[in-house]
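Labels A, B, C, D and E are assigned to the chains in the order they are written; within every chain, residues are numbered from 1.
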Amino acid sequence: MIVNCVAYEEGRKLADIPKEDISEYLKRPNCFVWVALKDPEPAELDEMRDEFGLHQLAVDDARKGHQRPKIEEYGDSLFAVIHTLEPKDGELNIGEVDIFVGPNYVLSVRSHSEKSFTSVRARSEREPHLLKYGAGYVFYALVDTIVDRYFPIIDELETELEAIEGSIFNNNTPRSNIKAIYALKQKLMTVKHAVDPLLEATGRLSGGRVPQVCEGTQAYFRDITDHLQRIHGTIEGIRDMQTTAIQVNLGMINLNETEVTKKLAAWAAIIAIPTLIAGIYGMNFKNMPEYDFAYGYPVALVAMIGIDVLLYFWFKKIRWL
Amino acid sequence: MIVNCVAYEEGRKLADIPKEDISEYLKRPNCFVWVALKDPEPAELDEMRDEFGLHQLAVDDARKGHQRPKIEEYGDSLFAVIHTLEPKDGELNIGEVDIFVGPNYVLSVRSHSEKSFTSVRARSEREPHLLKYGAGYVFYALVDTIVDRYFPIIDELETELEAIEGSIFNNNTPRSNIKAIYALKQKLMTVKHAVDPLLEATGRLSGGRVPQVCEGTQAYFRDITDHLQRIHGTIEGIRDMQTTAIQVNLGMINLNETEVTKKLAAWAAIIAIPTLIAGIYGMNFKNMPEYDFAYGYPVALVAMIGIDVLLYFWFKKIRWL
Amino acid sequence: MIVNCVAYEEGRKLADIPKEDISEYLKRPNCFVWVALKDPEPAELDEMRDEFGLHQLAVDDARKGHQRPKIEEYGDSLFAVIHTLEPKDGELNIGEVDIFVGPNYVLSVRSHSEKSFTSVRARSEREPHLLKYGAGYVFYALVDTIVDRYFPIIDELETELEAIEGSIFNNNTPRSNIKAIYALKQKLMTVKHAVDPLLEATGRLSGGRVPQVCEGTQAYFRDITDHLQRIHGTIEGIRDMQTTAIQVNLGMINLNETEVTKKLAAWAAIIAIPTLIAGIYGMNFKNMPEYDFAYGYPVALVAMIGIDVLLYFWFKKIRWL
Amino acid sequence: MIVNCVAYEEGRKLADIPKEDISEYLKRPNCFVWVALKDPEPAELDEMRDEFGLHQLAVDDARKGHQRPKIEEYGDSLFAVIHTLEPKDGELNIGEVDIFVGPNYVLSVRSHSEKSFTSVRARSEREPHLLKYGAGYVFYALVDTIVDRYFPIIDELETELEAIEGSIFNNNTPRSNIKAIYALKQKLMTVKHAVDPLLEATGRLSGGRVPQVCEGTQAYFRDITDHLQRIHGTIEGIRDMQTTAIQVNLGMINLNETEVTKKLAAWAAIIAIPTLIAGIYGMNFKNMPEYDFAYGYPVALVAMIGIDVLLYFWFKKIRWL
Amino acid sequence: MIVNCVAYEEGRKLADIPKEDISEYLKRPNCFVWVALKDPEPAELDEMRDEFGLHQLAVDDARKGHQRPKIEEYGDSLFAVIHTLEPKDGELNIGEVDIFVGPNYVLSVRSHSEKSFTSVRARSEREPHLLKYGAGYVFYALVDTIVDRYFPIIDELETELEAIEGSIFNNNTPRSNIKAIYALKQKLMTVKHAVDPLLEATGRLSGGRVPQVCEGTQAYFRDITDHLQRIHGTIEGIRDMQTTAIQVNLGMINLNETEVTKKLAAWAAIIAIPTLIAGIYGMNFKNMPEYDFAYGYPVALVAMIGIDVLLYFWFKKIRWL
């Protein structure tokens, strides 16, 4: 589905144009065309391929989807694959944006993603002095927007880690802690797979030899790279803490086991001692003078209770209870 | 065994030729010969060596088999070793394809592998505009096909990981979970050994100085490299999760131990308390008034049962039962 | 808030100047202006941007804060982000210093940080032969001061590690040990995130092609890099020991469990044996000669006690008690 | 001890020569001398140093032994240290071969190693077209032979890993499993220390700038590098699986503990329940009608046995027994 | 404290000179001065700085001490920091040697270290043909001596590892095993911090562009680098085994726990069964014919003992005892 198809000249919008006119506008100097597709049909992609002269391998990738993030050069044009991440029901929904950039066109293809890029268009059109950089700047604006949308997700993951840290040491929910740590790890991996390859790719747009369409925008791509590096650093930090958290949780589980065993031992002693006394006074020797004492029975009971009270406080003191 | 021996000219099939005529066709300009062997005899390899002028070291590798994946240059020709992976009885069967590529020939040698490459031949012959690139394109088509066959295997491993994740938290099959995690790891290593060296090798065919036979097909080899990088990323992701899974499983086992100990303690208490009461009323003191009460016995029984009922609900409440 | 605004010439202070005069002084040769802001308003930053011609992306970073440490070149000027670390209530408070350096100006922006840089200014003014290097030297002095403030924090972390090492083997506070190890790890990560990116950035100022403003001060920046490498090495060392400490603590917890189980077993035996004897002499066989012995009862009691004493010393000997 | 001292010309053996004549043959063009020493005396090494003009540092290394594998250039000659690995009584015996190679000589010094290199000499003399490459080819042949002798050792380690994998899941020999895993790790490290530095060293002989004596044999050294990479890959694979195996074994030990605890709990219940019943009917209340029932005793016994049978099958069902 | 102050010419000692004459000798061609300080006062360092024209940053480092090992270039002179390691009371005492090397001087500053370098001086003076290389060779001789002193320490660590390996599988000292592993790790880290940065630094003196004072001695510095690499390899090997050892020890602790639990269970059964029998014959049913049997009591006792003997051997057989 075509979402938008607009021609720009000297940083200003010329007109919304029908897709049939694209090739005409492409011929005008200082003019570029920006087309946005959403979950396109194969036929639409083929049309665009013919219109813009896209490379078949890139179009194949866009058609198939589920690519890893990358930015590839095909002659003087670029093909970029970027993941979008949208939280949904506690999971992360992975979408994909494929961007084809040439000297005088930008084609963005959005799939499995709900958030649109109308804000990018609006922002770009508000800044004609930047939009004058041409297709390269639009490319930057798109990537920048997608990358900025990673930040709240990272924040969310940090919050989850803090929640886990809080509950690990409270110790009464080890099972759900393990689950939470594992779920956090899964989300981390999803973000990592979106960020790390992209970081590598944008790095090549900001230093050394730069593709022609990105010339003049290196500082902007360095800014994106910097954002991605920040996200990357945070992810690695969470991963590191999460690895420690899993070991800490294991330690707490084992500690808990020891405490249960101590409790078991303490209560066993408290029950076993009077049982032993009762056993002794259940013996059938003829000659057991206590049997005939008037207070034999109550004294025995008091002894049982007294010993148990002492034991109880002793176990309290050594923290087995 | 010779599977095929065909001469091509300008991207089109000339003819199936007998192996004796190979050297003749090699002399014709714009012509290349594509020979496919399957589990060949040493003598067949020697024949091919003489026909195509292959390097002895490469032929030795092909004869011995069990090489690690690699792409080596010998003068203006290439020698590639690639693993094929075919699932069989829950294990991964490792085969090997050795490919010799020169300016005007392709020799593929398939060993221990059941899937043929007839589809590659068919596809290549349907695209004469690509086949015109010559031996380099055939080489690409072969490698591409083998790499594409890795994807379903990777998908299968992801499914296995998900199954393990599902059953870890159900907790009643820790033994089979451990086995499954270990088996998954073994398969991962097999795929990793097939993919990682190949990734390194194809990377050198798509950028920087490229061997002459691959000139003009760099974009295609970059596409393969990209596929391999995707597989590599997925493998690393599974490995990472599997490492966490093993620790999580250990945590669950220890948690389970604690729960068993708690159950043991709870039931021990439930049995020990009435045993103690029975012990007390088994004492032989003369002066135990309860013995003469009409309802002494039923009251004692009721006390036993009552205390146990209370204990039972108490242990339920603190989740020891 | 403007903390300071001073013009320097030939390494000597000219005058405190109002911000309106900055542009005037910037035109004088051999003269540079050093402005220090603290938690500035957006408007103040914009003013400075216009005064010094700062790049919008850098100003945006300074405005937003929470950047990762970095040193970026914008034309012939530099933009640096550096973290300050100040211990507060047992945690590490992260502040940020953003420094803009051009051929004839230094603008430092301090946020969320309590320690001022008046000492830097004083020290620089005391060494006019160094201050003659210009803005580059001031930049060095600022970075050097911030980095030197990392050392006491690292020392503190080493002390914490030693305290943990001491208490791990005493074994009676495993729970607080785990917490302390985890807290140490958290602080380590904070310092690591401040140090590692900065190390990478300063490394580029001391070797190879160096930005113009830093020319002549390479040896100084190498000194900073060396300090950072020392901190980095110490952090990695603590991290490594902390990983081992967590495993050692787990080992101690499990060892403790075994010791509790041994104690439990020993005491269980000490109680169970006399209970068994009492049970035997509670049997109702007619023909039990012991029942009629005059000393049956005391002998039984002595036997119980004697066996228990033997058991007790036996368990002491094998160290189960 | 001098094992061999032979002069070669144009790839063919000239003669066995006495060591006094070496310098004479060294002067002849197209001629090279190949000397093999075994566990030499210091004096013999000094003689060779003077004969061939070896560097003192290299001779010192050869004298001291216990070097790490390496290939060093001294002017136009090479000095190589390579480990030999020979299995002996279940351990790996580390020997050392030091090779000095110059334009017209090869000196091999074998220490602590039982396998000789007569096969290398025989093979080289059978292939005069290769031996014509001169000292560089002899060097290749020696290294190739040593490296090929690593393969059976690696195979043996793989077999040991498989044996461990088999017995881990059988679970009745955890103690010997741990020992076997540790012993495997020790051997792996030995092989790793032999292979990894050598891999690095041979890599430099096959690509980029190559020492003069190795010119023309790059493809051969690439072949060795490839073999070493295969070994390296296998070692890393075994290491990886061994790390997992140690965790799996720990999991199995803990699982085993749980199973023992479950068995303990089950049998405790089976004994405690009838003990409780016996206790109840050992109470001395006057009013216990069961005491007078004709079948009181057998009914009690049957109840005890019946409950235990039920418990037994219940525990079987929930797999605690 | 000045330990030595000697002038050399053409590889031979000229004279012990007072420090006031240093500048005079520095002017003579082919002459160099070698000064050795030990735990110097700040004033002594300042004197030397003025005498030799040392860089202030380097002198500051030497004054402060506690630097990480490094070799820095200041113009045509070098500044090196190297750690000395001396075992003392089972710990490793870290000292520091700072070396300033210029075209015609060597200044070594030894701190916190007991072993002197008189042997270096003696050795150097015995080899005038090497000492002719000048200050660079003295520098080499000093570094070489310090590095050679690392070897016995590494050997000691290997011996400690072997001792730990021996006692882990004996299993009766898990607590001291953990302590020993941790202490080994601490020492390893100390050596690692001394060796790794130095390895990096010396590597730069043996290949590529080399500082002028080290020209002609590259092969010697490569030799040092090689020694450091050997130490580095050994450290990494010990670290690797130590990581495995800690896991193995954990496994043994858990295995031990299982064995204690098994023993507990076995003895519990051996005591509980006769207790149950005694309980049964303590019941007060009227109709218990056994009570009147003449041999009821002894038969019961024999049954108790018989069952226990059977149980004992059964538990022995299944290795729970």
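Observations on the structure shown:
Here is the rule we use: a contact is a pair of C-beta atoms (placed from the backbone, for glycine too) under 8 Å apart; a residue touches a chain by one contact, two chains touch by 3 or more.
Remember, predicted model here, so these are calculated numbers, not experimental data.
Minimum number of contact steps separating subunit C from subunit D: 2. Touching subunit B and subunit C at once are the following chains: A. Note: Cα superposition of subunit B onto subunit D, rotation of 70 degrees, nearest 5. Residue numbering shows that subunit D and subunit E use the same positions for less than half of their mutual interface.
Inter-chain spacing, taken between the CA centroids of subunit B and subunit E, is 41 Å.
Mean C-alpha positions place subunit A and subunit B at a centre distance of 25 Å. Counting only residues that touch two or more partner chains, subunit D has 247, 250, 254, 257, 261, 264, 268, 272, 275, 279, 282-284, 288. If you draw each protein chain as a dot and join the dots that touch, you get one closed loop, with every dot joined to exactly two others. The cyclic arrangement of chains, taken from subunit D and going next to subunit E, is D, E, C, A, B. The touching residues of subunit B, counted against subunit A in their complex, run 165, 169, 219-220, 222-223, 226, 229-230, 233, 237, 240-241, 244-245, 247-248, 250-252, 254-255, 257-258, 261-262, 264-265, 268-269, 272-273, 275-276, 279-280, 282-288. Across the complex, subunit C meets subunit A through its residues 55, 57, 61, 67-68, 70, 72, 74, 174-175, 178-179, 181-182, 185-186, 189, 193, 197, 246-247, 249-250, 253-254, 256-257, 260-261, 263-264, 267-268, 271-272, 274-275, 278-279, 281-284, 288, 290-297, 300-301, 304.
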